[in-house]
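Order of writing sets the labels: A, B, C, D, E, F and G. Residues in every chain begin at 1.
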Amino acid sequence: MTPSPKTTAPVAARRSTLNAEEMRALIRAAKRYDVLFATLGLLALAIGILTLAALFTGMALDGIPRLNSEFFTNFPSRRAGQAGILSAWVGSLLVMTVTALIAVPVGIAGAIYLEEYARKNWVTDVIEINITNLAGVPSIVYGLLALGLFVYTFGLGQSILSAGLTLALLILPIVIVTTREALRAIPQHIREAAYGCGASQWQVVSHHLVPYGMPGILTGVIIGMARAIGETAPIITIGALTFIAFLPPAPFMGDPPAGLFDWAFSGFTVMPIQIFNWTSRPDPAFHQNAAAASFVLVFMTVGMNALAIWLRYRLRKNIKW
Amino acid sequence: QIVKIDGSSTVYPITEGIAEDFQKAKKNAVKVTVGISGTGGGFKKFCRGETDIQNASRPILAKEMEDCRAAGVEYIELPVAFDALTVVMNPRNTFLKSITVEELKKIWEPAAQGKITRWNQVNPAWPDAPIKLFGAGSDSGTFDYFTEAINGKAKSSRGDYTASEDDNVLVQGVSQDVNAIGYFGYAYYAENQSRLKALAVAEKAGKPAVLPSEASVLDGSYQPLSRPIFIYVSAKALARGEVREFADFYLKNAAKIAKEVKYVPLPAKAYSLAAEHLAKGKKGTVFGGKNEVGLKIEELLAREARM
Amino acid sequence: MDKHLSTQFDAELSGVSTRVLEMGGLVEAQVAQALYALAHSSGETAAQVIAAEGRVNQMEVDIDADLSAIIARRQPTARDLRLLIAISKTIGNLERVGDEAARIARTVQHLLNTGVFGRLRLPVSDLEFEAQLAVASLRKALDAFARLDVNQAVEIIKQDNQIDAEFDGLMRKLITYMMEDPRTISASIDLIFMAKAIERVGDHAKNLAEQIIYVVKGTDVRHNPVEAVESIATRRS
Amino acid sequence: MDKHLSTQFDAELSGVSTRVLEMGGLVEAQVAQALYALAHSSGETAAQVIAAEGRVNQMEVDIDADLSAIIARRQPTARDLRLLIAISKTIGNLERVGDEAARIARTVQHLLNTGVFGRLRLPVSDLEFEAQLAVASLRKALDAFARLDVNQAVEIIKQDNQIDAEFDGLMRKLITYMMEDPRTISASIDLIFMAKAIERVGDHAKNLAEQIIYVVKGTDVRHNPVEAVESIATRRS
Amino acid sequence: MSSTTAAPAPILGSTGEARLAELALAKARRKRRERAIEAVLLLAACVSVFTTVGIVYILLKESLAFFSHVSVWDFITDDQWTPLFEDAHFGIRVLLAGTLSSSGVALLIAIPLGTIIAIYLSEFAGHRTRETLKPILELLSGVPTIIYGYFALLFVTPMLQRLMPELPGFNVLSAGLVMGIMIIPYVSSLSEDAMRAVPMSLREGSYAMGATRLQTAVKVVVPAAFSGIASAYILGISRAVGETMILAVAAGMQPNLTLDPTEPAATITSFIVQVALGDLPHGSVGYQTIFAAGLTLMMLTLSFNMLGYWMRRKFREAY
Amino acid sequence: MTTSTITLPNNPPPLKAEAKALDFYYGAFKALKGISMPVYENRVTALIGPSGCGKSTFLRCFNRMHDLYPGHRYDGTIQLLPDAVNLLDHQVDPIEVRMRISMVFQKPNPFPKTIFENVAYGLRVRGERNRTYIEDKVEAALKGGALWEEVRDRLDESAVNLSGGQQQRLCIARALATDPEIILFDEPTSALDPIATGSIEELVTELKKKVTILIVTHNMQQAARVSDYVAYMYLGELIEYGATRDIFMKPLRKETEDYITGRFG
Amino acid sequence: MTTSTITLPNNPPPLKAEAKALDFYYGAFKALKGISMPVYENRVTALIGPSGCGKSTFLRCFNRMHDLYPGHRYDGTIQLLPDAVNLLDHQVDPIEVRMRISMVFQKPNPFPKTIFENVAYGLRVRGERNRTYIEDKVEAALKGGALWEEVRDRLDESAVNLSGGQQQRLCIARALATDPEIILFDEPTSALDPIATGSIEELVTELKKKVTILIVTHNMQQAARVSDYVAYMYLGELIEYGATRDIFMKPLRKETEDYITGRFG
């Protein structure tokens, strides 16, 4: 390169442009770090993914032999070979239903209030800190709360409803935070456009913000649910059952109106409790059951995560600003 | 028609087996649920009248009796099996053949905390190797029982040991460490004999060291570490046919199931006595709100009979 | 010409072009009338021509105002800008044509007032021929302007010589007249100025033609010899 | 005038203004030289004047090109645009002043060639007075233009009458001459045309002045009576 | 306009005052409806507040009972934690130490690895790689923690023991490591989101200066995304501090006043879960300890969150 | 405070609105200072001025957009004619105002819904349910927005897939669908390329046949091109108001001239 | 394929770069088609054309910005003079190219660092450590970016707090700090208000004394104002290249004229 003295500033006696050789050396050196870091990144990823793989293979090796149809259709039994997870997965399903039915509307509504209605002042700040803080409260504490509140104070007993409510509270912060995030990601000009058309605040919310925020909201809900489905401690605290050799009444099939919700007041067990119980049994055959059940549970979360990703992808396609 | 049971996880396997068979026998006409809130958590519910039957790995305590009284819950105490707390070591351990209560105390008493850390401090015959301790969590009935039996005072124990609610965890711990010693329920030992070795316990120096086994428990020679476990049946619930039926069924089948899940059944006499109590509706506890150790079966039966 | 994205701009441009043509028509008529007044010694017609001057002036001012408004509002470039610039020059020329017409008309009035027409024999018909050439040139120029016809523009420029030649001939003739009859001096001078005015009309027509070439070809051909202009105008861009 | 954000634009504007003044200086000199040639019968000077015409023409074309480039590139509005438009008109006027000077010079050459100066007594000095007025007017106008001085512009417009009056006087005088001595007719007509040219220079100076008022006041004052112009020019905006 | 449209009243009709009155009426009507909706939403927003209030109430109520038995001073200064023993000591420091060392280990894994992964995914990996690996990695946070517990105990600990034969079967290290791996996606996903959100124009600005990927990532993207990354860290910390089952299973539950991660230790959470599921009679002092411990934990996480909130405020970069 | 130089036309068209002594506050910050200005019916009035001078603020007073954010305050009036209601009156529901006065924003902001639903939105908000009526209106509005030909066959496609210029015309159609009396444009072309800009400008001049238009633009040339009247604002004050042609050829105030000629800085 | 109309100046300044038969592909899409064009030293060359015609694509070839994204392909060459390196050569490291050719983007994109660090960034990337040298360079660059006076007292404040126009000048200073041979500007003022735009334009004309400039703008007036040469592109092709004055007064190609005069659409 030419050493043409182009800079007029006297300070730049030395041009910062290096000669070609120097520059190439410099670039080579800098690029070495790139490669180094990329290796490091892959390594870090590998640690995570290998862990996951180890977990999976471990579970699979132990559990897959147990994964036959009876495993899914049998109730628990003292004989490991006959024990199944019927009551557990049905229970999990029902509890998740309650959780979703509570957490989704309440979480979205709360988030809407905080994001769209509430004045931005210290109260909102406090609520905000409060919510992030709730996200860090150990789940067992929710169990303690739920025991006092739902089981005893509200007299809901050790029911699917109590459990659903507890988990709903547990994931509420997640739903609220992600919903707020989703709402915040909707540009202000969309709101202004809607208001500009003469929409009222509620119309803006219901016609625009919620539908457009849906991908984010759903992701949050599903992530929350995935967390809830694996929770053990709070549900044990409120008194989930371990042995339950029958299913709750079929949802919404009883005699209306009261009968419709019989199921919600039924006793139940859920997957993690079944697993927890089986792992703590002395007979190693049960440990196999636990591995199999864990495998099922992890697959349920995987399924939910996949659903979240798919939904996010599907719904986002037509929403851009 | 539901029979609700909750409480100890120790008793759970027996109750579960009973419930399973009972439901089958009743062709699912009666539903039985069993929870594992722990003896304490279970009693809370039981004394509020929320459960029909309580699994308990220890007798009801004064505080809980009071709660029950306050709520007007009366109960019938039914011992259903023995659990032999088993002192275990690593199978590769070569120097431990047996141990005396004395020595156990030396290891486990509060004063040992931080001091007794090597085997030769307990018994000079033993090598100069670190002691690795594993024991029940301090919130469990097992812990209470063991401390009372060994250290003479419930809940009086050194604190620097690995505790776990989950006995499998302890099994794991002991099986991994040559210098380990630990204690937990017999069933865990029984299921893991390949990985653990039970340690014969001598009640006193000079007395013969006894290994835990059905026979040694039944004949009362495994002392002081065998303890009875119970169910408490709510008197009010007993009025319901299915609960009574279940309780009867329980006592009838307890021996079989207990064996099956590796507990030590009570002598047949004990079950018939219990059945009698049940039939008569004899309420209350024979323990006066305290845990007791070293209770032999005969004594228990005697007390029961006195009720 | 193709349409702009902005119909408003199109409308403004065509509006101003129309007004230019209108102005052109007006001054063309003025010149014709002035010559009529001269040929027919019509004081009335002369007066009309003079009266029209105000209108022409006003048109110049108005169109100029429009032009600057369009420039200010539309930021024209290239052909649009050249058109506006050409129009600006064109209306200046037209206004001056109007001036020449008025000058002729005023001279006619002057001659009528002094009664010269009755008394003297003047070569008015010679003037007429020059005038016809000039008016034809002007008309052609306006026509070419309306169609932005470069070929016609070149023709006009080529023909400008003719008018100049006519003027020179007329001059010589008039000088002879004056020499012959000194009483005609004053009137002849008037005639000379009229002839000059007519010659100027031709010049203006030529200027217009040059502007047309500028609009279409983008080259300013003023002050160039005819041949150069022709070659520029016929060059394919 | 205040600075633009764009120094380039400022430079372009002042560049074009400078060139206008330069052109003005050139044509002013041309006029002066032409008159010198006339007064001193200097064929040489006359030739110089004629030679300069090409330069003036070129300047007009160049400045015009600059103007359109500035308009195309800078999107000027308001005062800037008015200035550019005024310059466009001004250089047209200046070019015509140059033409008049050349015309005078050519006539001087013609007179010299025909040897008239030697043979005849012509009222060249009268012409000189008119010429002085006109040149003064032009100089003043250029000066006012440089400073965008409205007051001076008004003065120039007011003084245009004087030149016109001079021209009329001269005309009458020349006609007398011609009548007296028909031999002078041809030369006198030449003189008349020269006088007319000088009068036109005055007109152009006046036009310049009008443009100054346009730039500063934003009002097109052409074709208005002097009083109206004065009132517009002195109105406080 | 067709007659079918409800709203805007004809333009003409009434003017001035009269029109104003009409408009006021319409406004009042609309206001009422909107108010009702707002009230419902507010109620929903308050659920989380109620939850906190409930938690705090329960924790405080029982803690107060607890502190009537145990002095706060002892609670803070005692260096033994044996609340359920005959010779009861209530030195929360012991549990805090466990919590800190386990969180420390976890964060020492999760924060660097999470950050590196985030940078790698956001700045180095191709679109495909990112879109496949990120969700896979996120699965790590979806695995029930009890499974991790056993993984730590049965897989990681023996592995570590091969490297460190002295390592006890229960130790904070292995639990912490696994916990760290579990937390990685919390850190990496959120950080990656934050880095994604950094406008491409900023990156292009850096590359255009001749920067390499790493230079761009470290000098431009990370600082620009710092507030988001900090949130991710805070969440990771909260998660680490609040994690229960892994520690309950694998860390040994041994209340040791030590920060040495190769030792077994008990943490606040594992203590709580242990006691809450145990045999203690409710209402006993022993049982109440879990509330005091829970309160301590909550204060701990609260202070982290406040810190995080303050940091986000301070470092929120506009771009 | 400076007084404004307001040149009213000799033969004024009917008034559509009129601001009188309008002050506006963002909290304690006075963003508009005593603005008085006419808005003529079926004319385009452009607001120009340097960034931050309050153009948008002024514009957004006309549909009470400020009401969406806390801490604002209006003083003075904006009369909407002919019914002479003060838009800023507390009694007047901003929603009512917005139904009568539409707005088109800087960035095209179609809703991520179908093209049809975007245009129909204003009608839906008004509770309109008659399907054929809505369809007719949508078609008319899209025609008014010079978009009908381009989208007639894909009314059910998502609006976000349109090009920027089309999106902005869609937003205009959306604003038109409810027959507003005034349309407010806030820098409607600043996000568009010159060709899209040209078509929007063309549309604006087309629209004024039917509706009164107020447009904020930071592009002086654009103001010059599209507007009939121009208001030059500076630091929250109205400096000069007059016919566009006059403002751009011969503004009366030196401030205006300096801004227009690029002498500001 | 159309052939380009290229009018080279009579007395050409030295060449700084020259594109020859440049094709560019985004995947299978050919975005640039056989572009050949000179870039003269110390001159401003503007690229204009309708949206999507490939202006930015062409510009970004000069600093190999496309290399950041997968699926691109260059055909043809861009010679950088005087050393006659083909910038697009696979052997040439894009980082090296970028060190020699700076770029300023559409939206001001200061790094969220201090003003000083922003300007020093390029030096730091080059591994420069000498503090006084860096300080001198930063000062010189800020002076070159006409920002020194405004920020000299707050070099340690965050750059994101500057106004848009200042940010853009900062980005220019950042680009200047490393003494680039060419600076590429991609619509550098489209996010700015007219006054800030004016000052950037002024700066660009100032800068060309020291450095060669290539600027993309969708504002034809801007191209007219700042550039010495203009290239009009359409659908990936170079339609016409010539001196700015000629292009804007008298383009040779009808396509160019139509675009410039607003007849495109």
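Note that a residue touches a chain if its C-beta (ideal position, glycine included) is under 8 Å from a C-beta of that chain, and two chains touch if they have at least 3 such contacts.
This is a predicted model, so every value here is computed, not measured.
Peer 1: For chain E and chain F, which third chains touch each of them?
Peer 2: A, G
Peer 1: By the touch rule set out at the top, what is the minimum number of steps from chain A to chain D?
Peer 2: 2
Peer 1: Which chain pair shares more contacting C-beta pairs: A-B, or C-F?
Peer 2: It is A-B, judged by the count of C-beta pairs in contact.
Peer 1: Looking at C-alpha means, what's the farthest chain from chain C?
Peer 2: Following the centroid criterion, the farthest chain would be B.
Peer 1: Please compute the C-alpha centroid of chain B, do the same for chain E, then give the distance between them in whole Å.
Peer 2: Roughly 39 Å separates the two chain centres.
Peer 1: Distance from the CA centroid of chain B to that of chain F, rounded to the nearest Å?
Peer 2: That pair's centroid distance is 83 Å.
Peer 1: So what's the Cα centroid distance for chain A and chain G, whole Å?
Peer 2: 47
Peer 1: Just curious, how far off is chain F from chain A if you go by their C-alpha centres, in Å?
Peer 2: Roughly 45 Å, centre to centre.
Peer 1: Which residues of chain D are in contact with two or more other chains?
Peer 2: Residues 5-6, 9, 65, 68, 72, 75-78, 81-82 of chain D each touch two or more of the other chains.
Peer 1: For chain F, jot down the residues that touch at least 2 other chains.
Peer 2: Touching at least two other chains: 95-96, 99, 126, 178, 195, 198-199, 220-221, 224, 248-249, 262, 264-265.
Peer 1: Pull out every residue in chain B that's touching 2 or more other chains.
Peer 2: In chain B, 36-37, 41, 165-166 touch at least two other chains.
Peer 1: Who touches whom among the chains?
Peer 2: A-B, A-E, A-F, A-G, B-E, C-D, C-F, C-G, D-F, D-G, E-F, E-G, F-G
Peer 1: Would you mind writing out the residues of chain E in touch with chain F in their complex?
Peer 2: Per the touch definition, chain E meets chain F at residues 1-2, 4-8, 11-16, 19-21, 23-24, 26-27, 30-31.
Peer 1: Taking the touch rule as given, give the residues of chain F at its contact with chain E in the complex, in rising order.
Peer 2: My answer: residues 82-86, 89, 91-93, 95-96, 99-100, 123, 126-130, 133, 178-179, 181.
Peer 1: Would you mind writing out the residues of chain B in touch with chain A in their complex?
Peer 2: Per the touch definition, chain B meets chain A at residues 2, 4-6, 9, 12-13, 15-17, 19-20, 23, 28, 31-37, 41, 45, 48, 50, 165-168, 171, 185, 187-188, 190-192, 257, 260-262.
Peer 1: Per the contact definition, I'd like the list of chain D residues that touch chain C in the complex.
Peer 2: 54, 57-58, 60-61, 64-65, 67-68, 71-72, 75-78, 81-82, 85, 88-89, 92, 171, 175, 178-179, 182, 185-186, 189, 192-193, 196, 220, 222-223
Peer 1: Give the list of chain F residues in touch with chain C in this complex.
Peer 2: 195, 198-199, 201-202, 205-206, 221, 224-225, 244-245, 248-249
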